[in-house]
């Protein structure tokens, strides 16, 4: 019987990491309608870059930055051929990329440890004389610091003219182009940013787990992230994070179900089957997700200041 | 009476394009829908076929209310339809296009193909060609032929002479008259007003989604300010 | 007053079909010019070529004496040539106000500015919002400024399109059937607004319109297009009494 | 250039002489046939229903597991087992169309939602199979004797696969080109609205295509599993190749798929030769498919044979 508190804290840490992936996918899919079905590839790139660099004793800040940059660059490079085409082509390219990237880490033993992966990755923050639980709390603080930063970045983007352009592209590319937006550049930029955030999440993941291996980066990871965004509510950052918590909670509880109720099912199978069923149900009955996209002017705070002004102008015009 | 459209309001998505239109097609008639573009001619035909949204009104075919019946069942009931654009299967051969026209009939269609080819001798030499290699006029004939293969009891034609050269257009018109003479009533949207009025029995003139004049073609043709009437200037 | 937009033997082909066939036209500054012609005569294709959606196969386009053929749509927009669409392109999931404001190039549209230099574009955004509200008021949409655009009626969506084109302070606007699907009263309102805009701001208009009866009351000049070619040009009365034009519309016997 | 040719032809290390080129050709032929069976259904349903069905990989796996169940567990006759397996695959494809994709389409689901749902369906099928049959490696306890044709080694299974694929290709050709149903499939993929206006019942045509596509996928799964072994990722492992072939051949085009299957398998096998020469792992063979995929998107996104209508 494992320590239940540790189990809960572990779940919280996982939810934080996946929250970042979910936010990045929300940026790509929710706001820009880019079907990135290769999320796991960028997550993996981030994790492996971090693993290799952390073992060379680089500090966290450096390898996290490099991991995001590398992931962002790969994202940009591979998405370019498909970005001008329909969304299904991007989806296929990205799913294929996930497989090819995994192939590379499996086969390049000198770089990525091959099928065995890399282990002995030191945690980012090492404080002497802490208990196991306290160390976990430090990890959670780090992860949630990054999550909050990502959330703020995504919210700032969503509530800026940049976010408005993304939404315009999502709804109608021709319209965006006719009003002076360089659609291709926006898409590529968003894709690179989303990939970079995934890379950062990967770096956090690698130092949290302490080991990486190709088997951690199956396509089911991508699917879970999609599940989070679709369940939480596309184009709603709060929804994306909420989705991450819900899906992680769902995964954990399906595992607990196995442990405590003793269902004659393999926990992973049960988990994936239930997740798949849930996603199909959501797509069927509530495609807008739990939290709907909010249709409000860009900046609520700004709006409050503006309304009296608008009223003043109105009375002035009438007089 | 073959087809009756009663107080139709139809359009796309949220926007009604035609308002309160009533049309009647009797046996052995060519009925023309005339009007400048944007007047809603195509929309009427599409709403009969179920490709446009009917907000109000009823469509009655042979005494049956067929409002909202899907297109493939309307075809089964004997309505043939030739849309204005993409009215052929470009990646299929000419012969296959014709065979698809007779899709609903169980028996061998070889004889019908021969028969239709007698009617459209222009298509004779090109049965094995891919349909998207045909010229504009040939495509239009093929589209007509495809619709005829279904042995329709009512034919809906959407601007069959659009973007054809005058000579080809004349050819198409003469085919349309021949089809009528075979006993198939036709409801057609057209932009070639004078020629259409010449061949049609009855006409409705639409401007901006409303019917501003209707009557027998002869009467309308007699109107001295036909041009102004047609463009809604009168 | 000189010419603002002119083309020289513009050609656009799709496979074997010549959709725009040696079109040479000239639009004077601060005028309202109509473009009419039967369905499939290539009017919308011409607009698409003018605004960079399609690359012309031959010919030149000059906008304010500058070559603009071969530019991308967003580059054409920057030059001050703005268009509207036949079916209104409205972003359903935005407020009416944002639908208007998206038209303006905004310093906050770069990623870095969105994240780090918010002060700089917020002031711009506020000024822009006021201007948007002013324009919405001018078009009678101010009551709906903060509602989702999906709640508008078809006619209001048309007005919203014009509002969006207006806020970008274009030198010239291409309107593709501004009154399609609009009731007659609103259609007149739209054209009254166009007239007023021309007077107040000196905007040039090039308008595709099917309601010829409406168009003729407002335009200075009309081009008639048929099978990709321009077959007539001139004042409204000249054109409507031109036998070729009548023939195009009524067909030949 | 001349130097390279000189080196290639006359250098003392004539490495290329060591390679059994006929064997490479034979392997390409075998794999081309496998890919053809696996892919043609994907391409047809993609063209007709206008979205890529990621669950197609699982139809392949499902067919293989069903054959295993009928043959190795229930002990039925080999041919009967294969037949039943193909039928159950078809059933699975038909059910997924009726229960999932058709209602989703009629609700106006977006392309991305359809793709997500198909991935979900795929995972559901795969993990259900893993639950029932376990996640380990299974094999059809069959021993194939080697046949030597000149310098080429092969097995009766592979020869059967080749013959089967050719028969299937001919039957498909007859179906699509000569029968009414096949013409209706092509017409519907070409122009759905006009097809409806010709009286074609789109639901029935689509259902048939889904049944057929899944059946062929299941068939290919049986061969793939018998050739080596049966694992839950059997189908997923060829999905990348299947998509590369679909896009290269042109979505929905039968002849395009036919050609692309052999082009891809040939380039893969040549790729393996090149990889061994470069000293890289032969595992990278599926990277060849990725390269083919990406270069198709760059050079000719509509594929070899475009069924998508050109304008006017």
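We just call them A, B, C and D in the order they show up, numbering each chain from 1.
FYI, a contact is a pair of C-beta atoms (placed from the backbone, for glycine too) under 8 Å apart; a residue touches a chain by one contact, two chains touch by 3 or more.
Keep in mind that what you see is a predicted model, and the values were worked out from it rather than measured.
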| item | value |
| --- | --- |
| Minimum number of chain-to-chain contact steps, chain A to chain D | 1 |
| Chain of greatest Cα-centre distance to chain B | A |
| Chain centre separation in whole Å, for chain B relative to chain A (CA means) | 54 |
| Distance from the mean Cα position of chain D to that of chain C, given in whole angstrom | 49 |
| Inter-centroid spacing, chain C versus chain B (mean Cα positions, whole Å) | 32 |
| Distance between the centres, which are taken as Cα means, of chain D and chain B, whole angstrom | 43 |
| Numbers and ranges of chain D residues touching at least 2 other chains | 310 |
| Chain C: positions in contact with at least two other chains | 16-17 |
| List of chain D residues in touch with chain A within their complex | 51-52, 54, 100, 103-104, 107, 109-113, 115-117, 119-121, 123-124, 126-128, 130-131, 135, 236, 239-240, 243-244, 247, 280-281, 283-284, 286-287, 289-290, 293-294, 297-298, 301 |
| Complex contact set, residues of chain C against chain A | 51, 53, 72-74, 77-78, 82-83, 85, 89, 91-95, 97-98, 101-103, 105-111, 113-115, 118, 121-122, 125-126, 129-130, 133-134, 137, 146, 148, 164, 168 |
| Of chain A, residues touching chain D in the complex | 29, 33, 35, 37, 78, 81-82, 85-89, 91-93, 95-97, 99-100, 103, 106-107, 219-220, 223, 226, 230, 265-266, 268-270, 272-273, 275-277, 279-280, 283-284, 287 |
| Chain A - residues contacting chain C, complex | 153, 156-157, 160-165, 167-168, 171-172, 174-183, 189, 193, 235, 293, 295-299, 302-303, 306, 309-310, 313, 317 |
| Chain C-facing residues of chain B, complex | 11-12, 14-17, 36-39, 84-85, 135-136, 159, 162-163, 166, 169, 190-196, 198, 207-208, 226-227, 230-233 |
